[in-house]
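After this come two complexes, each holding chain A, first together with chain B and then together with chain C.
Let's look at the complex of A and B:
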C-alpha cells in the first residue's frame, strides 16, 4: 500500500499502440507521397525562382489585373489607389471586376445561389410530404457524387446545344434553333445539377433529424405556427443549409470539366486556366495560380469541417410527421408539380438527351456510334484516341483505385474513430483531397513522379498509369472513410472489448466484430471509389496527356471537340451505365453522404 | 478462481485525475461491488482490472500475478458491459461460444459447453435466435452466459441491470447471485444503485470522486457509515454536526439496546450541543470536550413522541412538511428550524402539524 507507486509507472508501448502507430505511419507515408508531396511541389514552384525562395511568381499573379482585377491593380501600384477610387466614383461605382479569380468566385457564388434555390424546395418536399417513390427520390440525390462531370457536360450539350433536344423541339414547331453553350447561365445550371441534390440531401437529412417536440413546446408556449417554425425549426436547419452552401461553393470554385466543356476559355475559371497554362508548359504561372486557388479552397474546406463538427448529430426525440401528399392543398400540389417539371428538365432531360443522342443518327435509330467505339479501335492511327483502350484503362484504373482506396479509407476510419485532438488534426489533413483540385494534384504528380524526382538519393519515376491510379485513390478514399466512419461511430465501444476479454487479440477483434459490422459501409465506399475513379477527369486529363493512359472521360472530352455528338454520347452512356451500377450498389449498402 | 489486488492505482487523463490512488483487495470467490454516483471512478476501476485501460500509476494483480503489460485477451476475465454489447451479427449460440475459439473448454466440446451455459441462464432452445430478437432480460442472460463460457477466473459486470425495469432488475440480480454462488467465480460488480449493492454483495466499496470512501459488508456499511458521503449515499440518513459538551458515563444513560461495538468495547457517549438542543449520542472513543463532532441517524431510528417512553432522550421538535405513504412505512419530512429531518414511522401513523421525534443515543453513528 505504498504511496511510492511511481515505481509502477508504465513505460514503452503496448502492442496495440504499436500497430496503430504503424498504420498511422503507413497512411501518412502514402498520403505524403501521393498527395502532400506532389501538391507541395506545385506550391513550391509558386514561391521559388530557379531554386531560390521568391514570392515573385505569386506576386506576379496577385498583381496581374487579368487574374485579380481591380485588386491586382491596387496591389501592383498602391499609390494609384486614391486616383483609382476617384475614377471609380466618377464612373458611378461601376462593377470594378476582380479578374479571373474574381470571376471564378462570382460564378461559384451564382452556382451556390442557384443550387440552394433549386434544392431547398426539394428538401422541403422530401421532409414535409409522404408520397410513393419518396425513398427513391431521396436515394437519387446521391447520384451526382458518382456521375462523371464530363458526362454531365455531354448531357447538357445534348440538351441545350444547337443540335440539342430543346433546340430540336423549337425547330420542330417552327421556332429558330438556339444554343446556350458558352453562356454563364448554362455553366451555373450545370453546377446546380450537381449541387442542388447535395443541398436537398443535407437539408432534408437535417430536417428529418429535427426534434419536433421543440416545435410542440413553442406552439404550446403560445407561438403561432409560422412563428414557431421561424423560432425553432429555421435555426435548427440553418447550420445544415450553411454546410451545404459552403460545400457547393468549394466544389464549384474548383469546377473544371463542366466549365471546360460548357464554357470554354471565354468563361474560364481558375482551374481551367491552370489547365491551359499547363498545356502551354507555363508551369510556374500555373503553379502560382494553383496556389492561390488552393489557399482559397483549403480555407473554405477547413471552415466547412470546423462548422460541420460543431453541428449536433441525431436527436432521440420525435421526428417530423410527414403529410400524405394527396392530402395537401391543391395550390401546394400545383406548386410541387411545377417544381417536379423543373427538376425533370434540369436533372433527367440531360441524361435522357445524351442517351437518345447516342442512338439517333441523321436517319433515325442507329447503333453506329456504339459500333464506332469498337470499330475505331482497329482502324485508328496510334495517335488517335481509341475507345476500347479508354474502356480498358478505365476499368483497370478503377480496380487499381479500389485496391488502394478501400484499405486506405478503412484504415483512416479506424484511426480516427476514437477522437482526440491529434485525430482531429489528422482527420482534417485526411480531407485535403476535398480541397485540392484534381488539376493541381495531377500537375503535382506529373511534375514530381512522372517527370521523375530524386528522393534519398534515388531517382523515382512512376508511369502515368500508376500516377493516375494514385490520384484516383487519393480522391476516392475520403468517400470510403465517410461511408465507414459513421457506422464505426455507432458501434458500442464495448463490442471489441468483450471480444478481447474473451481472448481475441486487437486485430482479431477487429476482424471478428468491427469489420463485419461495418461491411456495408466498406462495400458502399468501394462502390463510391470505383465510380469516382471511372468518372475522374481533372487529374487524369493532365496525367494522360500524350500517353496511352487515357480513360473514358478523357476520351469523351476529346470526342466532344469533333463534329458529331454521337461518339461522345455513346461513350457517355457507357459511363452512365457503369456509374449507375455503382450507385445501385452504394444505395443498397447504405453509403451515405449527408454532409 | 482468483483474488484481485489494486495497489496504489491511479488513472489520469492529462491533468485530470479520474481515479485514485486506490488500494483494494477482492477475495477469491467473493461477490464484490463497486458502488457510487456516476463519475466516481467505479467503471474506470473495472476497466483497469479488465485491461481495457492501463493505470497511470500503480499495479493491478489477479491471482497474485501482476497484470502490468498484460492485454485483456491474456487476463482470463469474463465481461458483461453496460447494454451488454452482444455481437449483433452473431446468433445467441455464436455469442456465447465466441470465447471458446480462444479458450477451448476442457474436453474440447464447445457445443456442449454452450448448451450447458444456455441451460444455466435458462435460455435453452434460444441458441439460434438473433440477439435483436431477444427481450432485454434475455439479452442480459446471453451476455452473462457469454462472459462465463470459458470459465474465467474473474467475472466483471458493469451496471448489468441498468437497462432493465425495476421488477426485472430485482429478479435478475438474485439470479446473477445464484449463478455466482453456484460457480464460485470471483465477481466484481459495478452499480450506481446502492440498494442493489446492499442486496447482492459479499462486500462492497463505496466510491466517490475517484476514491474509495469505505469498504465493508453491506451490514457494516449501512450500520456504520465511516464518512459523511457514505452516510448520505447508502440508504437515507440525517446528518448532524455539534460540539461535545461533556462525556457521559455510558451506564448512566438508559439505552434501548446495547450498541454493537467493535470487540465488545462499550462505546463512548457524550452530550453534544446541536443547533437548538443538546443530545446524548455515541461518539468516537477519543472524543474530547469542546471537539466538533458529526454523526448520522437513520430515519427508521426515530420514534414519534407519542410512542416514546415517559422521559424521552434526544427529542427533536418539527413541523411536518411532507407525508409519503410507502406501504411498509410512512416517511415524514420535518422542518426543524433551518434543518430538514427525514424520519420513517409506522405505516399507519398520519401525524400533522407540530410533532416531536426522538432517537436513542446508540442510533447515532459518529462520522
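Let's look at the complex of A and C:
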C-alpha cells in the first residue's frame, strides 16, 4: 500500500486523485467479476461465429423483419427501399411497424408516459403537503416494485377482469360489464403499477430539496404563480423526472412475465424471445437479440446523461415548506382527492385482491393455504421450502444488499458527478445491470459461477448467500447512483471548495457538506436497493441452486405447482407484509440521518 | 429371465465401480467389505469367492446402498402431499440408502448446460424428463450423458419415448380442454373451435415455454399436419383464441371467468374435488376423442457413482405400489398397466379414447422449427 502511494507521489498524483483512482479500480474490479464477465461470457456469442470475430449474428437479427420490421427489410435489401417507400406512400403512410423491437419500445414508451402521469401527482402531494401518515405512505410506495409477477397478474385479473371489482361496480350501477384483460392498455397499467412508485420516490426526493429563492424573486418581480413555478421549479425537477422516466423505460423495455400473463403472446416483447432462444439453446441468436436490446437501453442512457450534464446547476438555499393539507384550497383538495381515487383503483384494489386470493377458496373464506404454510414450516423435510427460512434469507440478503449497494452507488455517483464524455461513458457503463437482459445475466451467472470457472486448474464455484448478496448489490446500486446523481448535479460546485478553503479535507467536505444535501436521494436509492434485492428472482434462484439460500419470491415460485394458486398466494401475501414492514423501518431509520 | 440378466449386469457394474473407487483411493464412504474384494477381482464379476455376498444379493441392501442424489422439479417435492416424500421414505425403508432431492430452477436444461460446458454433473438421477429435453440433450451435449436402463415392468404401449432406453417413463399426463359446462358445450373436434359459437372462448399457453401449451400445439400439428397447423392457428386467432404465458396465467384467467375453456390436464377434477369446488366448471373435453400424452421419465447419469442404486430406484418407481402412489400424489396416470389404484381414482380422472403423441424421431429436428413458426405467427398477429 505504502509502495503504491509512493508510486502515486512519484507520478505527481494529488491525494484526491489517488482516492479517485483507487475507488475507480475497486468498483471496476467488483463489477467486472460480478457483472461484466458473466454477461460478456454470454454476449460474446453475438459477435463470434465458431470462435472467430464476426458480425453475422447481429446482422441476422437486425435484418430479420420479425425483429426489426421495416427497418430490417430495408437493411436486408437496400435496393428495395424506393419501391418500399412508394408502397408505403400508396398505403397512406400507415404505421410501418418496426417488428418485435419496435413494438417493445412502443409499449415501453406508453408505459413510461403512464407511469409518469400516475406518479408525478403523487410526488407533488408527498413533497408539497404535510399530512398524517405521509412518511408511511412514502415508505409503502416501494411495495409494488417487489411483487412477483404471478401475484400482480392475480391482482389485476381480479380487479380489471370481466368478473373483477371494477366490472362488478359497473354492473351494480347498470352499466355493461367489461374486461381489460388481453389488452395493451392493461399491460401498460400493470407497468405503471410497478414503476409509478419509482417516479414518486425519485421526484419527491428531488422536490423536497427545491431551491425556492429564485421563486420568490420571480414572484416579487410580478410573474404569475404558474409562470414562476414553471420557470423556476420545473428545471430543478427535470433531472429527477428524467431519471425516473429513463428507469421506467429501461425496465419496461425488458418486461416479460407480466406481458405474457395479462396481454398474451400476441403482445410479446423482445425479452420473451430472448428467454425462448436461451431455453432452446439457440445462444447465438439469443446473444445477438439481447445485445440489440441492451444497446437500445444504453444509447438512451447515454443520451440522457449527456442531457443531464448540460443542465444548469442551482444553489442550495431555502427549500420549499410543506403545506398542511387541511390548509390547501378546496380546488386543490378536490384534485388530490380525485388522484386518491385513481391510486386506490390502480394500487389498492389489485393489492387487496392478491391478499384475498390467499384466503378465498372455491367455497368462500378459507385458511387452508396458511395452514399449508404453517405445516410446511413445522414438518418440512430438508429438501422442502420453508416459509420462515425464505423470509429470513430475504431480509438478510436485503440488508446485506443495502450495506453493499449504497456505498457502491454513492461512490459511482461521486466518480461520475462531474466531467466530460469519458465520465458519461463511465456513467452509462454503470447502468449496464439494468440494461442487460435478466435472462442473459442469469445464464452468465449460471455458467461462470454455478458451473464454475477453471482458473489455474481449479474449478472455482461461487454460489450461496455471498454470491447472492453480491449479485443483488450489482443489480441495485444503479438505483442509488441514479437517485443521488441528479441531486449531486444540482449542488453548487463551489460548495465543497468553500469547505476545503475552510481547511476541511476533500473527504471531510464530502461527508459533512455534500452527503447531507443528497441524503434524500441516498434514502430513495436505498429503499429501492432493498426492494430490488427482495424482488430479485433470476439471479437468486440460480445462485441458490442446491442450497438453503432461497428467498420469498423463490418460495412463491416453488409453491406454484401446476395445479393450485392458493399456496403461492399465501406465500406472496407473507412477502407483501414483510416487505411493507421493512420499508417503513428502513425509512424511519433513514429519516434519523436525514434530519 | 430379464430380471436375472439385469441382476448379473448390475453386479458386474458394482464390481467395476468398486474397482474405480479403489484406484481413486477410496474417498467415498459407500464402499463395503464386499466391494473391496470385488475391486481386487474387478474383471471376474460377482461370482468370485469373496464377492459372493454382495454379488448374489444385488438388488437388496447389501450392495445398493449409499446416498442417491435425485434432481427433479419442484412439484415433485413441494405441494400438499407430494409424491417425492412418499417415494423417499418408502425407498429408504426398503434399501440401506438415502435419497436427496435437488430442484434446479432450469430443470433438465441445467444438466444439459453443465454437460455442454464440461462441468461435473452433481446428481445421480434426473426425474421428470420429457422427450423435448432428451432431444435437446442429444443435440447440445451428445448422447453419453445418460446411461441406458433396462427395467422389467409392464410399461404402457406408446409411453416409451426414448429409443435408446435411457429415460424410463414413470407417469403420464394428458393435455385436454377443461371447460365450464354452465357456459359452453364441449367442442367435439378441432374444427368446432373455429365456429362462431366458440369465439373468444379458448385460453391456451405459449408453446415456447409452457408444457401444456406445447402439448396442445403439437396436438394441432398431429391433427392438421405439418403443413396445415399454422393455417389452423390463423383461424383460431381470427376466432380470438388467447395465448398466455403459462398454465397459471391462463388458469387464473379461466377461474376469473375471462373465458369458458382452458387448455389443461385431464386430471383437473382431482384438484377441484379436493378443494370442494363445483365440478360443472371443471369438465374435461377431448377434441377428436384424443388427448396429447405427455409421459415423464426418469434417467440415470452416466457419470454417477451410484449406477446400481439408481437402477434400484428406477425399478422401485415402477413397482405396482409406487406407481399407484405416484399417480395419486402427482395427479398423473401411472406408466405401467399393473399399478395399484383405488376405484376412486378413475372417478375424477379421464383418459382419452385415443392418446396421441409424437415420437422422438418425429420431433427431432422439427419441434424447434414448429414452435418458432407458430410463435412468430402469433406474435405478429
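Keep this in mind: the second predicted complex is superposed on the first by the 317 of 595 C-alpha atoms of A that agree within 3 Å, B and C clash if a C-alpha of one lies under 4 Å from a C-alpha of the other, contacts with A are read in each partner's own complex, and residues count from 1 in each chain.
What we mean here is this: contacts are C-beta pairs under 8 Å (C-beta built on N, C-alpha and C of every residue); 3 or more make two chains touch, one makes a residue touch a chain.
In this text, all values refer to a predicted model and were calculated from it rather than measured experimentally.
Of the two partner chains, chain B is the only one touched by A:16; chain C is not. Looking at the shared chain after the overlay, A:81 reaches neither chain B nor chain C. In the superposed model, A:517 lies in contact with chain B only, and not with chain C. Using the contact criterion defined above for the overlaid structures, shared-chain residue A:499 touches chain B, although it does not reach chain C. In the superposed pair of complexes, A:265 makes contact with chain C only, with no contact to chain B. Which of chain B and chain C touches more residues of chain A is settled by the count: it is C. Of the two partner chains placed around the shared chain by superposition, neither chain B nor chain C is touched by A:113. Using the contact criterion defined above for the overlaid structures, shared-chain residue A:275 touches chain C, although it does not reach chain B. Once the two complexes are laid over each other on the shared chain, residue contacts for A:396 go to neither chain B nor chain C. Residues of chain A touching chain B in their complex: 1-6, 8-10, 12, 14-16, 492, 494-495, 497-506, 512-513, 516-517. Residue ranges on chain A touching chain C, taken from their complex, read 66, 100, 150, 153-154, 157-158, 161-164, 179, 181-182, 257, 259-261, 264-266, 268, 272, 275-276, 279-282, 361-363, 372, 381, 383-385, 446-447, 451-452, 459, 541-542, 545-546, 557-567. For chain C in complex with chain A, the residues that touch the partner chain are 74-75, 77-80, 84-85, 88, 100-106, 109-110, 112-114, 117, 119-120, 122, 136, 139-140, 206, 208-209, 211-212, 237, 242-249, 251-253, 255-258, 265, 271-272, 275-278, 331, 368, 371, 375-376, 378-381.
Within the complex formed with chain A, the chain B residues making contact are 7-10, 21, 23, 50-52, 54-59, 68-69, 71-73, 75, 77-79, 81-83, 85, 87-89, 98-99, 101-103, 146-147, 150, 156.
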